[in-house]
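Each structure below appears as structure tokens.
In the two assemblies presented below, chain A is common to both, partnered first by chain B and then by chain C.
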Partner chain A sequence: MTRYLRLLGIQLRASALLAAQYRWDFVVDGVISLFWAFTAIVPLFVVYGARRTGIPGWSFGEALVVTGWFILLQGILDGAINPGLAQVVDHIRKGTLDFVLLKPADAQFLVSTSKFALWRIFSVVSAFVIFGLAFRELGRLPAAVGVLESLALLVAATVLLYSLWILIVSAAFFVVKVDNLTYLFSSIFDAARWPSSVFRGALRTVFTFVIPLAVMTTFPAEALLGRLERSTLLGAMVGALVFASLARLVWIKSIGHYSSAGG
Partner chain B sequence: MSSLKALPTLLRIGFSEAIVYRAEMLIWVLATTMPLIMLALWTAVAEVAPVAGLAGRTWSSGSFVAYFLIVFIVRQLISSWAAWEINFEVRQGTLAMRLLRPIHPITSYMAGNLAYLPQRFLVTLPIVVVLVLSPGLEHLSKSPAVWAMWAFSLVGGWMITFFANIAIGALSLFIESSVKIMDVWLAAFFVFSGYLFPIDLFPAWLRSASDWLPFRYQIGVPVELVTGGLTVEQAWPLLLRQWGWALGLLMLALTLWQVGVRRFQAVGG
Partner chain C sequence: MIRIRGLTKHYRVHKRPPGLGAAIRSVFHREYTLVKAVDGLDFDVARGERVGFLGPNGAGKTTTLKMLSGLLHPTSGELSVDGHLPQSRETAFLKKIMLVMGQKQQLLWDLPPAETFELNRAIYDVPKDEFRKRLDELISLLEIGDQIGKPTRQLSLGERMKCELAAALVHGPRVLFLDEPTIGLDVSMQVVMRDFIRRYTEQFGATLLLTSHYMDDVAALCPRVVVIDKGQLSFDGKLEALVQKVRPEKRLTLRFSAPVAKERVAELGTVVRHDAAESVIQIPHDSVNGAVGRALAELPVVDLNVENPPLEEVMSELFGRSRAARAEGESAS
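Our next item is the complex of A and B:
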């Protein structure tokens, strides 16, 4: 365990050194991510424009909390999950995954931590600014229990995102070219910026159980607002565990299919 | 002249390519389903009370259905990805191969992008059927003249998208990679084009910004033409401004390309 923590430290340091080397890129990327955060809240101003009721069941401040969670999770996805796993696809195509497999540590751990885009910190900062604005708009502070619950859900959401990503990357062992599958997932994830109650019927089931976007942004927001039911919280945690074990199983099965260069 | 003669062949090559990569293209199409998600959002909003636009127009869920399904269709027909292609080829040095051919590279990018149109058109057919069967149908324009202008505006919208792609792609000849500039362009496109919400619903300050930016003329104008209940007289000025942007970007793209390509040194130069 401590060995893996030490490894994580080393990998993080390598990413930090890389960011320090390309300082200018770091700043430009940071500014761009602030711009993205801005474009993520503009739709809210349209939906909650003058003389409009907005999304049923959600006031402006409450919807802003959901958007904050969306920006936070997008930061985690693009900062910590996507960079490392995107390289796996390349490794598989070129056969360089050999070098990872030869190392005396778990391959899934190594590829997952191989690269971090540290400038995504800017997204995390803008998410907290948005939380601040949202609760100022609401005129109250989140309850301590709500904060704890939402932190638990943050862990669950990260685990879910990571597991989904592992599942997608595992497909690369079979069909090799999945870089646009990852693009597809990023664009589906865009739907998470809205409270899940706007989706009806089949779409709602998909976004709760198959691609659990609701668990990632709406549930944590509800927890922070102090209106999430305990049973939902519990269900989300169990769901995240199930997804994680499934992803691990699929990864182990898929890596057995690896036959070096070309697939 | 030789470019013109080569065009059918170029299109045929591009079309075969589109068939080879059909699965990939389907994934790209699935990745542009954002209008359908926005449709879900806006109908949920409109269910409580009709949404009031700035110009006094009220939006029911039917008009949102018409709007966003047409947005989906227009997005399919005006798409271009030349900026990423150019960036990739500049980095890999394979742009040299394209420069060797006795055809202007922009013509070959154009043929490559246009050749995907038949397939993209096929993709939009189910949406057209849904639209015809939906309550959105009665919110569409019934004037043949307006529909003719719509076809014309699609060409203009495509030109804006394509030449903006070429112009931004050509920037990679100056600064190594312009992919990030393209990302910024796209983020602005999503906000200002009418892709996520009709321009009519914008707050006033966003609305005047979108009047002066090219994005509205890519998607918003073609969609407003047939769903906004516009008359021919109201539609002309919009179309003129759109073609202004199209021709302006054409000039910009050609200039940037001509200056930039002289700097190209292929790999290791």
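Our next item is the complex of A and C:
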């Protein structure tokens, strides 16, 4: 365990060195991610308009909390999950996954931590600014229990998002080019900016159980607002565990299909 | 150390004739062929032995190396490296081996090689003191002190390959699988790499299995060669014996003090090259003494040299024969 923590530290250090080496890239990317974070709020202003009566059951301030979670999760996805896992596709195509598999350490861990986009820290900061604005709008502070619950859900949401990406990347062992699949899921993830109650019928089921967007943003927002039922919290945690186990299983099976490349 | 028995690796490959029409048809209906990359291979390598693993392109060398390092699962057969089953990829096994492929790189592209070394230290769990000592040795042997601090992408190919080798050796492996480690390097850099590899294997008693298209690599490093073709063993023995088997002749180079006619030289053997001052002739192994005696007695010889034909020629003849045999087999069937 401590060895893996040390490894994570070294990988993070490498990403930090890279960011320091290309400092202007860091600044420009940081400014762009700030820009994207704030444009994420714009649709909310459109929907709520001057009278602020947008989504039933969600006041403007409450919907803003959901958007905050969306920006936070997007920061985690683009900063910590996608950079490393996107490289797997390249590794498979070029056969350089050989070097990962030759190492006496868990291959899934090594590829997952191989790269971080540190400028995405700006998204995390933006998310907290938005939480601050939202609760100012609501005229109150979140309860301590709500904060704890939402932190538990942050872990569950990150695990879910990571597992989903592992499942997508595992497809690369069979079909090699999965870039389109990651674009598709990035677009689907975009729907997580809205409270899940805007989706009805089949779409709502899909976004709760198949691609659990609701668990990623709506549930943590409800927890922070102090209105999430304990059973939902528990269900989300169990769901995240199931997804993670499934992703691990699929990854191990997929690695068996690796045929290397070049010679 | 390495034991291979009846090793096979078969692939099912999608077969498609050229052209757009065939490409479209292949979307709906695919034909597959079975490619026998390795087909019943047997050989052993003793601890500390250095073996050249040769064969024409597509003979199955890299596939065998990948099976030996646990990257590919064999279709059938037995395989063991220092008592380990490679495909199980046990930690103890992975810590004992290394694989360097001249065409692929593990160094982090945008960061200095020192960062990859540090990462590998953590992955292989090498104690800090041991790592420092080994790295210092590698840096001095490979003369890469000035390079390990520069981003990899700024290094020349030769500098990068030396750093690749160092990155693969920081955990002190005892089994070295080298797949074309000197490809694309200039002659002086090839010599540096060869010297280094020989010194490392001698110092640590490491076992080496080397594939290379540069015969000088093989001649300098490997007393024994294993030749495979179409996934099957075609020769296993001393390099010298392979040369005699393929080209049972020696080369006699004669330098003259006065011009000599080609016809006179031709009496000694087959003339490979001839001009007024120098002549190269090919002579059967057992006639060398007689030919040398005659040349010294009958011709104005000022200098002579007897040697084996160049290894490159030997190998290209060997591989050429196997290509011809293959073409013949295909046309007969």
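Assume the second predicted complex is superposed on the first by the 259 of 263 C-alpha atoms of A that agree within 3 Å, B and C clash if a C-alpha of one lies under 4 Å from a C-alpha of the other, contacts with A are read in each partner's own complex, and residues count from 1 in each chain.
Criterion: a contact is a pair of C-beta atoms (placed from the backbone, for glycine too) under 8 Å apart; a residue touches a chain by one contact, two chains touch by 3 or more.
Every value quoted in this text rests on a predicted model; they were computed, and no experiment measured them.
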Touched partner set for A:Arg200, first chain B, second chain C, both or neither: first
Which of chain B and chain C A:Ala105 touches, first, second, both or neither: second
First (chain B), second (chain C), both or neither touched by A:Gln21: second
Contacts of A:Gly256 with chain B and chain C, given as first, second, both or neither: second
First, second, both or neither for A:Thr2, with chain B first and chain C second: neither
Contacts of A:Gly95 with chain B and chain C, given as first, second, both or neither: second
First, second, both or neither for A:Ser231, with chain B first and chain C second: neither
Per-residue contact with chain A, leading partner among chain C and chain B: B
Intersection of chain A interface sets (partners chain B, chain C): none
Touching residues (chain side chain C, partner chain A) in the complex: 11, 61-63, 66, 69-73, 89, 91, 94-95, 97-99, 101, 103-106, 108, 110-111, 115, 118-120, 122-125, 151, 179
Residues of chain A touching chain B in the complex: 28-29, 32, 35-36, 39, 42-43, 45-47, 49-56, 177, 180-181, 183-184, 187-188, 190-191, 194, 197-200, 203
Residue ranges of chain A touching chain C (in the complex, touch as defined): 3, 6-7, 10-11, 14, 17-18, 21-22, 94-96, 98-99, 101-105, 110, 256, 258-260, 262-263
List of chain B residues in touch with chain A within their complex: 24, 27-28, 30-34, 37, 40-41, 44-45, 47-49, 51-52, 180, 183-184, 187-188, 190-191, 196-197, 201-203, 206
